[in-house]
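For reference, chains read A, B, C, D, E and F in written order, and residue numbers begin at 1 within each chain.
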Amino acid sequence: MPKYLPRDSFVTPRFCGVRTFMRLPHVEDLAPDMDFAIIGIPFDGGQSYRSGARFGPEAIRDASILLRPFNAEQKITIFDYISGVDYGDCPVVPGYIEETYKKTEITLRLAADLGIIPVVLGGDHCITLAELRALHQCHGPLGLVHFDAHSDTWDAYFEQKYNHGTTFRRAVEEGLLDPARVIQVGMRGPLYGADDLNAARELGFEVYTTSDLRRIGFKNMVEKIKARVLPGPVFLSFDIDFVDPAFAPGTGTPEVGGVTSWEALELVRGLRGIPFVGFDLVEVLPSYDHAQVTSLLAANIVYEFLTLIAIAKQERSVCTPCPSIPSA
Amino acid sequence: MPKYLPRDSFVTPRFCGVRTFMRLPHVEDLAPDMDFAIIGIPFDGGQSYRSGARFGPEAIRDASILLRPFNAEQKITIFDYISGVDYGDCPVVPGYIEETYKKTEITLRLAADLGIIPVVLGGDHCITLAELRALHQCHGPLGLVHFDAHSDTWDAYFEQKYNHGTTFRRAVEEGLLDPARVIQVGMRGPLYGADDLNAARELGFEVYTTSDLRRIGFKNMVEKIKARVLPGPVFLSFDIDFVDPAFAPGTGTPEVGGVTSWEALELVRGLRGIPFVGFDLVEVLPSYDHAQVTSLLAANIVYEFLTLIAIAKQERSVCTPCPSIPSA
Amino acid sequence: MPKYLPRDSFVTPRFCGVRTFMRLPHVEDLAPDMDFAIIGIPFDGGQSYRSGARFGPEAIRDASILLRPFNAEQKITIFDYISGVDYGDCPVVPGYIEETYKKTEITLRLAADLGIIPVVLGGDHCITLAELRALHQCHGPLGLVHFDAHSDTWDAYFEQKYNHGTTFRRAVEEGLLDPARVIQVGMRGPLYGADDLNAARELGFEVYTTSDLRRIGFKNMVEKIKARVLPGPVFLSFDIDFVDPAFAPGTGTPEVGGVTSWEALELVRGLRGIPFVGFDLVEVLPSYDHAQVTSLLAANIVYEFLTLIAIAKQERSVCTPCPSIPSA
Amino acid sequence: MPKYLPRDSFVTPRFCGVRTFMRLPHVEDLAPDMDFAIIGIPFDGGQSYRSGARFGPEAIRDASILLRPFNAEQKITIFDYISGVDYGDCPVVPGYIEETYKKTEITLRLAADLGIIPVVLGGDHCITLAELRALHQCHGPLGLVHFDAHSDTWDAYFEQKYNHGTTFRRAVEEGLLDPARVIQVGMRGPLYGADDLNAARELGFEVYTTSDLRRIGFKNMVEKIKARVLPGPVFLSFDIDFVDPAFAPGTGTPEVGGVTSWEALELVRGLRGIPFVGFDLVEVLPSYDHAQVTSLLAANIVYEFLTLIAIAKQERSVCTPCPSIPSA
Amino acid sequence: MPKYLPRDSFVTPRFCGVRTFMRLPHVEDLAPDMDFAIIGIPFDGGQSYRSGARFGPEAIRDASILLRPFNAEQKITIFDYISGVDYGDCPVVPGYIEETYKKTEITLRLAADLGIIPVVLGGDHCITLAELRALHQCHGPLGLVHFDAHSDTWDAYFEQKYNHGTTFRRAVEEGLLDPARVIQVGMRGPLYGADDLNAARELGFEVYTTSDLRRIGFKNMVEKIKARVLPGPVFLSFDIDFVDPAFAPGTGTPEVGGVTSWEALELVRGLRGIPFVGFDLVEVLPSYDHAQVTSLLAANIVYEFLTLIAIAKQERSVCTPCPSIPSA
Amino acid sequence: MPKYLPRDSFVTPRFCGVRTFMRLPHVEDLAPDMDFAIIGIPFDGGQSYRSGARFGPEAIRDASILLRPFNAEQKITIFDYISGVDYGDCPVVPGYIEETYKKTEITLRLAADLGIIPVVLGGDHCITLAELRALHQCHGPLGLVHFDAHSDTWDAYFEQKYNHGTTFRRAVEEGLLDPARVIQVGMRGPLYGADDLNAARELGFEVYTTSDLRRIGFKNMVEKIKARVLPGPVFLSFDIDFVDPAFAPGTGTPEVGGVTSWEALELVRGLRGIPFVGFDLVEVLPSYDHAQVTSLLAANIVYEFLTLIAIAKQERSVCTPCPSIPSA
């Protein structure tokens, strides 16, 4: 029986109590009996336009108290199969990207080594590099499902190698990703030049714009994703700007013309059967949100991540963690 | 010729004057020559998450001044067939649900007895119970068309029987509804358990989730609704959270992944020919709205309610009120 | 090689510097080597409901700094073919419509005479009359593609001939438009009477409601537009309320049930091959916007206007300006 | 006994019902048994910076429902001595100042002729000219107590004579004011030139800046005001920008460094014993307000106006209206 | 050495981690080694105007992360003398006041019995009754320092005895307060009648309006408070509407003309030497706040409460709790 | 006669045109005939709590269009004595403090070498180090007038030497300041420990808290400042959080209990006669502002800086720049 459960919202109202994700226990001592851990990385030093994603984890937690344990679309009660905790946030160093990477990797490595699937709340998209580094140590090169309006494969901004627009190029350079199992979906908006998306493709990625997605269809896209990333361990990175600003105004680099919240959720729900070893949801900026529409959507997407973990457990197909690698 | 008409917006600008719904006359003495009455119930003591729906009627009125009398989709000038007033608000007792039920029923009974169709502006969804009680006295068990993200058929919250999540279970228990003529559309979002929607079905309701709605299609859903609720008297209850938070952020228990404003309007427009005896539009929270997007949508939905009344009058198929039952 | 280019956002961050449209040079001396000029008309004295569009140009400029030069949907780097400037704003006379017309026409005439395509940022929709007057002097009667929730062909408000609801009737009366080449798309919302749209049709316009648009389909609508307006010189007027308030809350007379941002962009993108001689984007009200969702969409639509100019230049089909008519 | 009273907030909650000022009866037929009438003038065509004051009257009414009948500072129950109504709004012509003047004067003249003291909710400051014209017909040249950050005595903006910055120069030119009984208090902020305040003084006004006010003291200022305006009939015009933007952010031309809400109320309370024949409160812009702080302050200032009327009635010193002049 | 300490903000940034008050440990098992416990009561069913105070505790916690341990005005490092925890929130029953009282009293009694000083975050002002009941069981009749714009001594609203406007009358009726040691400061705003404040005085309270406070002076008021409430156990209740809406817009029943944040803090700081046995800070409504100005002020006031506890411990004058009374 | 002047707001309305500070010319080629240059540094990588100051320069420029050329308090028309430009923004490197320092120093050095007084719009407070470095090269060790809620003399945050809380310690270590001519005013709020302010004093600074300021009085503080910093060259650094959050909510590390806008302006106005060689206004965060109250105040403070420069020119006492040091 699961050990770590949300509070019962029929006993105390959902708006009662200190905010943890979904009202899960706040436990800072990670342990092997946890299937997943919600981990915040409140860093926004990599943002090239609006800043403020450091308050993303708090906002997502606050909105998540509306979530309930039965996923009616996937027909599963999450906590019948898995249990997990809200770890809180990794320490970060405001204004210093590389130092932040070092600090956050420690926690993420620990989680991965214990066989805990990290479910990360950003922060801006630069943080994914730290996650991939930590998971790579445990799982080797990873497949990637990447939902985003931007491919984040630029080489540098203002001569600097690390920020939220260069993450996936760095990850390839560091050997963290298996480019043949990387798929990016949702690119849109004006670009700097015709080569911008080609650059991602030259890295070996499969890339679909939002236009492509609409033309191909959501169900077909799910099949393309599965065909691309199976069978190895996979990371799922979801930038909230994949969704249209009407549904997710609180983000750092909004691009109009995105998908709806329903479409986004359907895509994630379709990814049953993929052996995910980590997830993140990034680029929520509460200072540009209103009525929590962005953070509530983010919380629901994270909820679908947890459901995918539960389904995987139910189907006994979860990727086995690496017991032999000691934590730092 | 209709007696109660909106002000002419070619004579005075729409933003001129004390706010009544659609700039209709504010008349507190209900009379048999009124086809409908707009009645606010500014109560939010039944809300289990965000509170603030007590300011819903004011916000809807304020947004409604943009409405014009010709419904271009339904091709009818409303006031060629019906006339009605803005009654103002029922007295309520903040923080006391059952006392509020008693007070509001008096006004609603009076309207029903006079053959006036009440068009209620909420307030939270608990108020519908008072409306159903009043209309039941006059019409007997009612059919129900219920658009909502939640079925509101829980048994109790925190051991209390009355709040915005238990309304329709209470209504069945009190014999106010004819379950065989009840249809609920739009349920979505995480649930407490697998039985949540089954519970509504066990009450005898026909229930469709938002997923069902998308799969079945909007036109087909209109047919299913008609097949379900005809031929008896029917109540239409519209919780604004049926619509996605991008289109209706100002609500108490938002669920992402809902329908668009256009889809919602189309559903309501499709309900021509149903003998409605009452309507409500609930759960508008202005303190979470911005730029009136929620209240403007709510005002337009209420406008479609009025159009349905006008069409019914035009078609001479309106349900005859019960003249013999005295008011309280 | 183009002379007037945006700043390079790899050299300085996009949020750096005085706000001009797309970070283009701010040049007040119009010259024949400019293909286009961004011109603001910060006037809102014609608004019949909410006021505040005078701050529209500033808001659109501020949001436009996110734009990049390669249009990935149209597969063209804009500034490979055209160059242009941000002229700044025309002088206006707050509260005095007719005086504002006179002042703004001077600048617009100058631009037109120099063969510069004016791309105007409103301001409310009354300003289009000044633009049409200026362009008519140069090009003769114009075709019109008009995206809007309202046809703006009323005769008068409160006995006054000039405001944002009468623009296109006045334009016909003044002979500025060729009604046989006018098409209006997007009308929706309640009307004053059954004759409202007929009135536009009686002026000789082809009119499609948002319902019509959905039924006919976006691709077909593009064909209908082309069939209507070709081959002569055409003006494109885009009222942001054409789009649904969820995607464009910051506007003066919002109507629920509109198209999405994606649909709007697709319509504009479809208009390749039409010899446009002028554009405007009107009715952005920043005081009702949030997180720039409206102004960012507006900036993207203007960006599609620039792309249409670039494509036309690329295809060498741009309408030749009239060199012989002297400026005022 | 007073005939027109607010609703009793112990019977129905204050947030119940159609919004009228202080929950007073909404009566459009002015009658001699009314001591005062609340009259909105929702016009903002005179604003030289931000627009939006047309929604001021609605916002002030909405905030006024918090007011209660006993003025604890002045120790008087207002409605023991006077009664009055909320008339609603004068018709206005958006975008046309002079036409608006004509229309509004009709109502204001009617009120004045009936001996009803008009208490006007703006609207921008240009509307005061219409009020002074109407009252002058009845009372002859008026004294003026004017609280404002600006003296509004410029000659013209952009060659136009009528807007919110020229009102009091026009009033002098038209003979509506007795300059020897005019006092302006609160001027502050940068000016166009050294002559700006001198210009007001050259019109014969007594002018005090906010600096002067602080130096002289609030009690002494009350004495200076009384010394200046007595004994004849006096008009009180209060521009909400007299108060600091921290206390009144929702206004059209904010100037930092103003007085507090408490100081403003104290000044108005001090004006007992002056025979006021009319009042206005102008320049409230709800689209720039938040949490109603501006409109709530405005409502309280208007409440102090009503108290001054009640005190005058109590002291039987109210200026007798002119029974002999027929209304238009 | 204190056992329960805030996290060190030089090790992790203040915006890092799950939000507890001041980053204190979140401990739900109350124990005798705690000097104080922060306890939220997220209930707003007693609000007679705006609702939404149920989100007050979360907002105050979120703002409190900016607080640092050394009180520079009082010259004391709080945690050199005391330690304590953030308990989280008491369970409440939305919409049911009396049931909420019962549930919250259990926790509050437990705290009091263990000698822990409860520092309560509201919620609306009705919750103070539960606190006084719990503390009275332990300490007998209490003195009261009450900062508020309203005396909250009405007898009933709409015939109901329990809401946020009747708390202190009920408390007297139940014998919870020693009226001779009760002092209320800050009353202002319009009243229902001349008897409103007299009613509080007839209960035996000493009452000062905001006007009185300004006239008497802040230092003198501190002396009056001490003279009134010493030497017995005292409760401090602080309604955030004591402060002006410019400094605290996010509240339920705002009254203009209040004190500044600085003045409020100075008053609380002055209360050194009073043997407080409990504190609350109520009526924070985040849905009407902006930029956290209200919740940040609230957090600072609570911080001054903690400082008073620390000073009392330092001075060894804290009221000894009652060890003999068993908890429920 | 001045060469660089603001546009005339009687010719075009103030809301017309591309936003530069005070509508000054936007000139990127600095030249010796400029007395001052407005220079933005849109960097926020040094913020330890809220981020977003990178949008500060744009917001201040946008608000500054309300300013007029005659300073009525100082009785001087600024541009009778000086002229200057809006340079735009220095290039920055988001997320990289030290690289940003290098880039910004180039521009600032150039200005200083040309004898142009830089008037900098932040950006967070870390940027002042770059300014001091540039000015020190030209003027040698500087005196400092520093208005702020925080002394910004911590040694490090999270082991990093550069951020907005360490600026003035670094400046002393680098020899940029003459500690004997440094004065800090306004410190308040909770601190990490008793040594926090002592640390500033140990650096040799004279430090006054907000409490000190209120006790000593504003006029006396002006005298203390002059006594401290004269006669050498002085820098004035104004952190907007010196002012209370009610008057300046849009800032990164707000502290309640600050001074009013009026008090802040009076302090700056008092500094006539000090030979200032540079100014900055930092920590404006538009994403937390509303109705521009913060940015409008910031613009007015910068306006007082310009006035001080004009007065100095008028009095011929401005510090002569160093002609001999070549620019980088």
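One rule holds for everything that comes next: a contact is a pair of C-beta atoms (placed from the backbone, for glycine too) under 8 Å apart; a residue touches a chain by one contact, two chains touch by 3 or more.
No experiment lies behind these values; they were computed from the predicted model shown.
Chemist: Higher C-beta contact count, A-F or B-C?
Modeler: Output for the comparison: B-C.
Chemist: Taking the mean of the CA coordinates per chain, how far is chain B from chain D in Å?
Modeler: 41
Chemist: Return the distance between the CA-based centres of chain B and chain F, expressed in whole Å.
Modeler: Centres of chain B and chain F (C-alpha means) sit 57 Å apart.
Chemist: Indicate the residues of chain A shared as contacts by at least two other chains.
Modeler: In chain A, residues 11, 13, 15, 48, 54-55, 91, 94, 157-158, 244, 246, 288, 290 touch at least two other chains, as defined above.
Chemist: Which word fits the touch map of the chains here: line, ring, star, complete or other?
Modeler: Here the contact pattern is something else, fitting no line, ring, star or complete shape.
Chemist: Would you please name all pairs of chains that touch?
Modeler: A-B, A-C, A-E, A-F, B-C, B-D, B-E, C-D, C-F, D-E, D-F, E-F
Chemist: Going by the contact rule at the top, pick out the chain E residues touching chain A in the complex.
Modeler: Checking each residue of chain E against chain A gives 11-13, 15-20, 26, 40, 42, 54-55, 58, 61-62, 86, 88-94.
Chemist: Can you check the complex and tell me which residues of chain F touch chain E?
Modeler: 48-49, 157-158, 187-194, 196-197, 209-211, 214, 244-246, 249-250, 253-254, 256-258, 288-290
Chemist: Which positions of chain F touch chain D when the two form their complex?
Modeler: 9-11, 13-15, 66-73, 75, 77, 244, 246-247, 260-262, 265, 290-293, 296-297, 300, 303
Chemist: If you look only at chain A, which of its residues touch chain F in the complex?
Modeler: Residues 44-48, 50-52, 54-55, 91, 93-97, 99, 157-160, 162-163, 287-288.
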